[in-house]
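Common to both upcoming complexes is chain A, partnered first by chain B, then by chain C.
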Partner chain A sequence: MTHSPNTPAPWWTKKLDTSAPEDLTSDNEAFLQDMVEEKYSVDSPLKEGPWERADWTPRSVRCGLICRKIGVIPQWLNNGKKFYTTLLQVADNHVIRYTPPEINRERRRGSRTPNFGIQVVGADSADPRLFKAEYLGLFQEAGVMPKHHLSRFFVTRDAVIQPGTQLNAMHFSVGDFVDCQARTIDHGYQGVVKKWGMKGGPASHGATKFHRKMGATGGGGNMARIWPGKKMPGHMGNEWRILKGLKIWRINTKYNVLYVHGPCVPGPHHCYVRVMDTILPLRKRKGDGPKPPFPTWFADDYKDQEIPEEIFDESLHRFTASSIEFEEEK
Partner chain B sequence: MAASIALARQITRVNINNTKICRLSTVCTDGAFCNASLKRYSDVAPSRSDPEPDVVESHNETLSNAQAHYRYIFPEILPNPDSTRRNKVCEMLERNDMMNRRSVLEIPEFYVGSILAVTASDKYAAGNTSRFVGICIDRGGCGLRAWFILRNVIDDQGIEIMYEMYSPMIREIQMLKLEKRLDESLLYLRDAPNEYSTFDFDMAEVPHVAGDHVPINPLKVKLRSRPWLERYERQDLKGVEDLGLAQKFYDRAKQLATPWEKYDIMKQYRATVTAEDQDEVFRDIHEKQQQIEQARIVRRRRKKLQSNR
Partner chain C sequence: MTSVGSSRALTRYAANGSHKWFSSQSCLTNTEVRKQRNKAFVAEKKRQMSLITRVEKIKVEFKGHPEDTTLIMNRGLSTPYNCAMHMEELLRNRSALALVDGRPWDMHRPLVKDCELQFLHFQEQIPYLSNMVNKAFWRSGSFLLGYIMDRAFKDQYYVEPHSWPAPDIRSGSFICDIDLKMDNWTPNEEERNCLTRIGYNMLLSTSSKVFERLEVDASVAQDMFADNRFKLEQIPDIAAKSKSQNTVTVYKLDDHIDISGGPMIANSGLVGLFAVSAVHPIDTKFGRLHRVQGLALPTQLKIRSWTWKLLLERAAKYNATRLPGEVPSSDDNISGSQTIEQPFLPPSGASRPQEATT
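Right after this comes the complex of A and B.
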C-alpha cells in the first residue's frame, strides 16, 4: 500500500507567488502583458545548434508526454464491437531540461535507474506573474514560458531531446501501446468495505451494530499483535497508479488528442497523466516493425507535408464510412 | 388554481463565478417559484407539439428558429450536465463523430411513443440483417452513448430491444408514426395488456410533414391487475387510467412524495446544460446539419422521381 505525499519537498524551488496582489492601473497591467508577450512570443535562436539525433534501437527508452484526461467516449470496431476510449490531450508540452546519467547517478545514490538520464517535461504554459522568480529560473535554459506542471521521464542517453523542444501527440503512432500513470481519484477517508472490499456483516437478521466493520484484527498466539500492514480504514486514493499496455486507437493531430483503450485510465477528469511507451514485453516495439519518431516527432521535419487531421487504426470504424454490413458466407 | 394565478415571465440574470447565466423562469404571483415551464430538453411540456405561448422571449435573440428546435430533434447532442466532466474539446470531438454518423445514417426526430422500424446488421440472422418494429418506450444517454428502447409483442411474447443510436451496425431507422404520449417514459406498457404494445411489422408509414406540430396521443392505458413491476401510484403518470388501488397505496405515495423538488432551482440547474452552452453547441452543428438536411431533400426528390417513372 503505497502513499507518496503530494506536497513539495523542502528543497524544491518555491513555486507560487503568494505575495499580496498589486493594485495596478489598467495602463500598467497592459504594459506588463506586453512585456510578457515580447519576451515569449519571439522564437529566440538556440544558444547552441540543434543536438544530434541518434537512431532508435529496441533497447532505447524514449521520453513520455504529459497529457490531460479530458473524457471517455465509445468507439466501434469494423466488426461492430463497441468499446470505450479515454481521450488524453497533450497539454502544451515542452522539454525543460536534460540531466545525463552521470549526474543522475551521483545525486540519486542507490537509484534503480543509474544508467538513465532524466528528461524534465513541462505541461500547460502559464502567466509568469503567477510564480516566484526562483521557479521562473527553471525555464531559462529552455527559453519557454513557465509551466503549471512539471514531470520527469527516465530516458536512455540516445533518446535525449534538446530543452525547448515542443512535444506533440505524433510522438506516438496509432497502434502503439502505452503505459498511463496518474494519481488516482481521491476518495478521502474510507471504511474497510469500500477501501479493502471486505464483506462487513449482515444487514438484518439481528446483527447488532455490525454492518460495515472490519471484524477480527489478528490471530493471537504466535502473532501476538496486530501485524503492520493490517487492512484498516484510512485514506483512500490519490496514489500513483500505472495502467500498462493500452492501445492507441486514434490520434487527432489538430487538437493533439490520443484515443487510448479503455475507460479506466487512473485519475479524475482533467487530471494530468504521464503517457510513456509500454514496458510490457509482448506489446513493446520490436526491432522488425516500423521505428518510432526518435527521439521525438519534430514538426519542422514535416513542414511541407500535409498531416491528416485524424489518424485511425485500420480496424477502427470511421463515422464517415457507411454502416457495417456482413457479407454472405459462401 | 391555475386560472386565478397571473403568470409573469421574467428573465433572471444570475452571476455565478463571473459568468452571466440567463434563465427563463415563470414566477407565480402567489409567491411560489414554479419552474414548470423552464425551457429544457428533458421537459415534455414545452415542445413543438404545443402551440407557442403569446409571450415568447427567446433566451438568445441571435439563434434562429431552426436552431431553437435542435434540442428536440437531437436532445443527445447536448453533453452530460455533470460539471466535473465537462470539457469543450472532448465534447466537440464527440459531436463531430455524431454529426459524421448522422451524415451517413438518417436518424429521424422521434419521441417516446413514436413507432420506429430499425434495420440492423446481424451476423446470425438470415440475410445478415434483422428488422424490428416497435414503439419507443424510453430513450436516454448523452453523445455517442445515446440509446432508445423499442417494444413489441410477437407471438404473445413481449420483446424489447435497446438500440445504440450511433452504432454502425444500424443500417436504417424508419419513422413509421411520429407522435408523443402523455408520459416521458412508457415502461408501464410492460404491465399493460399486450394489445397496447402490439404493432404490425408491415404497418404502413404514417406520413408526417416536416415542420408540423407533433401530435400527442392522449391514449390512457388500462393496466393489468397487480402485481406490477413498479409502484405506479408513486409515479406521476398521466397516460394511465385510474389504477383502482386501495386508498392505503395512495396515502403511502403521498407520504413518500417530494412536492418541494419542483421548486429546487439548484437541483434543476445542476441537471441541465446552461442556455449559453446549448446555443454554442447548436451553433457549432448548425452548418453541418444544414448540409445533411439539404442532402436528404435531394435524395428524397431523386427517389420520388424514380418511383414516378
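Right after this comes the complex of A and C.
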C-alpha cells in the first residue's frame, strides 16, 4: 500500500508568496489588473516558429490532460440502458516544458521510463502576484500565465508538444478509452472496518466493547510478532489511484468537458485528474483505426471549420434528437 | 596608451587615453578623491561643532503620535532624531523626514530655534505630506546612484558625477548624470546587477548609515570638490542663491559626499527594494554624459515580485527629464538649499489625521 506524501519536496521552487498583502490604492490595484491582462494577452516574443509535427504510430505515447472532476451525471444508450458518466473539464491547460529522454535519463537514474521525455502541463491560470519570483520563472519559457497546478506526462519523442501550446478536450475523441489518475478522497484517520472492510463484532447480544475493533493481531507461535503490513487503523485516502480503460462517451467543445464512463473516477469533486490514453492492450488505439490528433489537437488547423458544440457517441441517446417519426402514407 | 616619459608622474589619465588635466599627484582615482573629500568634511564638521561653546536651550513643540508635548532641546546640537529618542522607538525607526514649522527638515539636521516639530513616515495619507517624503526618498535614491557609480569602476577609470535633476515621480525612475569618460557604456543585465549589488552591500550592512548634512562656505566646498570640474562650475551659482549668499549644502552617506539642496531621508536602512535599472548615454552641452537610472521602495511599502518587475521595466526606459545644462526647475540639487517644493501650509479644511496608536 503506497502512500506518497502530498507535500512539496524541499528542492522544489517555493510557490506561493505569503508575505503581507500589497497596500495599494484602488486605482493602483485596477491598474495592476489591467497590466496583468495586457502582459499575457500578447503572444510571447520568445517563441520560435512552430515545431515540426511527427506522424502517429501505434507505439507513440501522447501527452495527457489535466482535468477537474466537476460531477457525475447519468447517460442513456439508445436501447434504454442507463449508466453514469463523470464529467472531466479540461482546466485551462497549457504545455509548460519539455525535457528530452537524454536529460531525463541523466537526472532520474534508475528511472523506469528511460526512453520517455517529460512533458510538464499546467492547469488553471492564476494572478502572477500570488506567487514567488522563483515559481514565476518556470513559466517564462512557455510565455503563459502562471498556473495553480502542474503535472508531468511521459511521452515518446515523436509526441513532443511545443511549450506554450494550449490543450483542448478535442485532444481526445469520442469512443477513445482513457486512464484517469487522481488522488482519492482523503478520509483522514479511519478504523479497520471502514479502511480494511473488516467485520468487527456484533452490535448487540452482549458484545462488550467489541463492535468495530480489529480483533486478533496475528498467529502466535512461529510468527512471534505482528507482521509488518498488518492491516490496522490509520490514515485512509489521499493516494494516487488510476482507473483504466474508461470510455469517452461525449465531448462538449464549448466548455471543454469529457464525459467519461462510470461514477468512480478517484478523488473528491473539483479535484485535479490526469487523463491519458489508455495502456490497456485491448482498448488501445490500433494501427488500423482512425489516428488521433498528433501530437495534440490544434485549434488553428480547424479555424475555418465549424466544430459542433456537443459530440456524441453513436449509441448514445440524445434528448434533443427527434422522436419516432411516422411518414404519412398516401 | 602613449607613454609620456618623465611627465607620466604629472599626468592624470583615463583608460581611453584622454590627457586633459594635470595634477601634482601621480594618478587621480575615485578612491583617493573620496579620502581627501572625507577628510575635509570631517575637519569642517569638527570646526563647526567647536564654534558652539555655550549650549543654549530651545523649546520644541511636538505634535502628533503618541501625544503633543514640549521638549527642551539644545540649540545647534539637537536634531529631530534626538527629539524622537525622547519619545518612542517607533518614531525613531519609521520617521523618514521631519516637519519643522511646516517645512521639510532632515532628521539629523540640528534645530536652531524654538519651533514646531512633526514626523513624517512613508505611509502618510495626506498627499502634500506624502509627496514631500516621496521626493526626499527619490532624492536620496539619486544620491545612492552617485554613491554606487563612484566606487563601481576600476581605478583607471576616473568618474565625475555631474548632478541630478529635481525628483519627478511620474518619470518612473530617479536619475544621476555622470561623466564616465566613455563614449557609450550600456551595461547588460549582469553588469546592472553588479551595480545594484554594490548598493545593497551598503544598504544591508549591519550599521544603518545616516545622511549627514553640513552647510559649508563656498570656498570650503570648492576645496572639497576641487577634482570635479562640474561641481567647481556649479558651486558659485549655488552659493549665490543661498540665504547668506555664500553657503553650499553638502550631504555625506558612509564615505560618499555630494552637493544637494533638498532634504534627504533619515538613513539608508529605510530603503528596502533597490535597483539600478538602466544607463543611457546622453549628449549635453558638457559633452557625452551617462544618465544612470534607478528605482527603489522603502521597507515599509510591501510589494510582490511581479509588481516590482513591472515597475523596473518602466524605470529602465530612457528618462527624458531635463538634461544637464538645460534651464533648471525650482528644486534640483544644484539650485540652492532654500527652495520649497510644496506650499508648506495645508490646504484649507484639511487637518492632520489622528495617528494610529499601534
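Throughout what follows, the second predicted complex is superposed on the first by the 318 of 330 C-alpha atoms of A that agree within 3 Å, B and C clash if a C-alpha of one lies under 4 Å from a C-alpha of the other, contacts with A are read in each partner's own complex, and residues count from 1 in each chain.
What we mean here is this: a residue touches a chain if its C-beta (ideal position, glycine included) is under 8 Å from a C-beta of that chain, and two chains touch if they have at least 3 such contacts.
Computed from a predicted model, the values in this text were never measured in an experiment.
Visitor: By the touch definition at the top of the document, which applies to A:F326: first (chain B), second (chain C), both, or neither?
Guide: Touch partner of A:F326: chain B, not chain C.
Visitor: Which partner does A:H270 reach: the first (chain B), the second (chain C), both, or neither?
Guide: first
Visitor: Touch test for A:I70: chain B only (first), chain C only (second), both, or neither?
Guide: first
Visitor: Looking at chain A, does chain B or chain C touch a larger number of its residues?
Guide: After superposing on chain A, more of chain A is contacted by B.
Visitor: Classify the contacts of A:S204 with the two partner chains as first (chain B alone), second (chain C alone), both, or neither.
Guide: A:S204 sits against neither chain B nor chain C.
Visitor: A:L136 in the overlay: touching chain B, chain C, both, or neither? Say first, second, both or neither.
Guide: After superposing on A, A:L136 lies in contact with chain C but is clear of chain B.
Visitor: If we overlay the two complexes on their shared chain A, which of chain B and chain C does A:V257 touch? Say first, second, both or neither.
Guide: first
Visitor: So, A:H317: does it touch chain B (first), chain C (second), both, or neither?
Guide: The first partner, chain B, only.
Visitor: If we overlay the two complexes on their shared chain A, which of chain B and chain C does A:S4 touch? Say first, second, both or neither.
Guide: A:S4: touches no partner chain.
Visitor: Touching chain A in the complex: which residues of chain B?
Guide: Counting only chain B, the residues touching chain A are 84-85, 87, 89-91, 93-94, 97-98, 100-101, 103-105, 121-123, 127-128, 143-145, 164, 166-171.
Visitor: Residue numbers of chain A touching chain B in their complex, please.
Guide: 70-71, 73-74, 76, 80, 82, 87, 89, 252, 255, 257, 268-270, 317-328
Visitor: Tell me, which parts of chain A touch chain C in their complex?
Guide: Against chain C, chain A makes touches at 17, 19-23, 32, 35, 39, 128-129, 131-133, 136.
Visitor: Going by the contact rule at the top, pick out the chain C residues touching chain A in the complex.
Guide: 123, 301-307, 309-310
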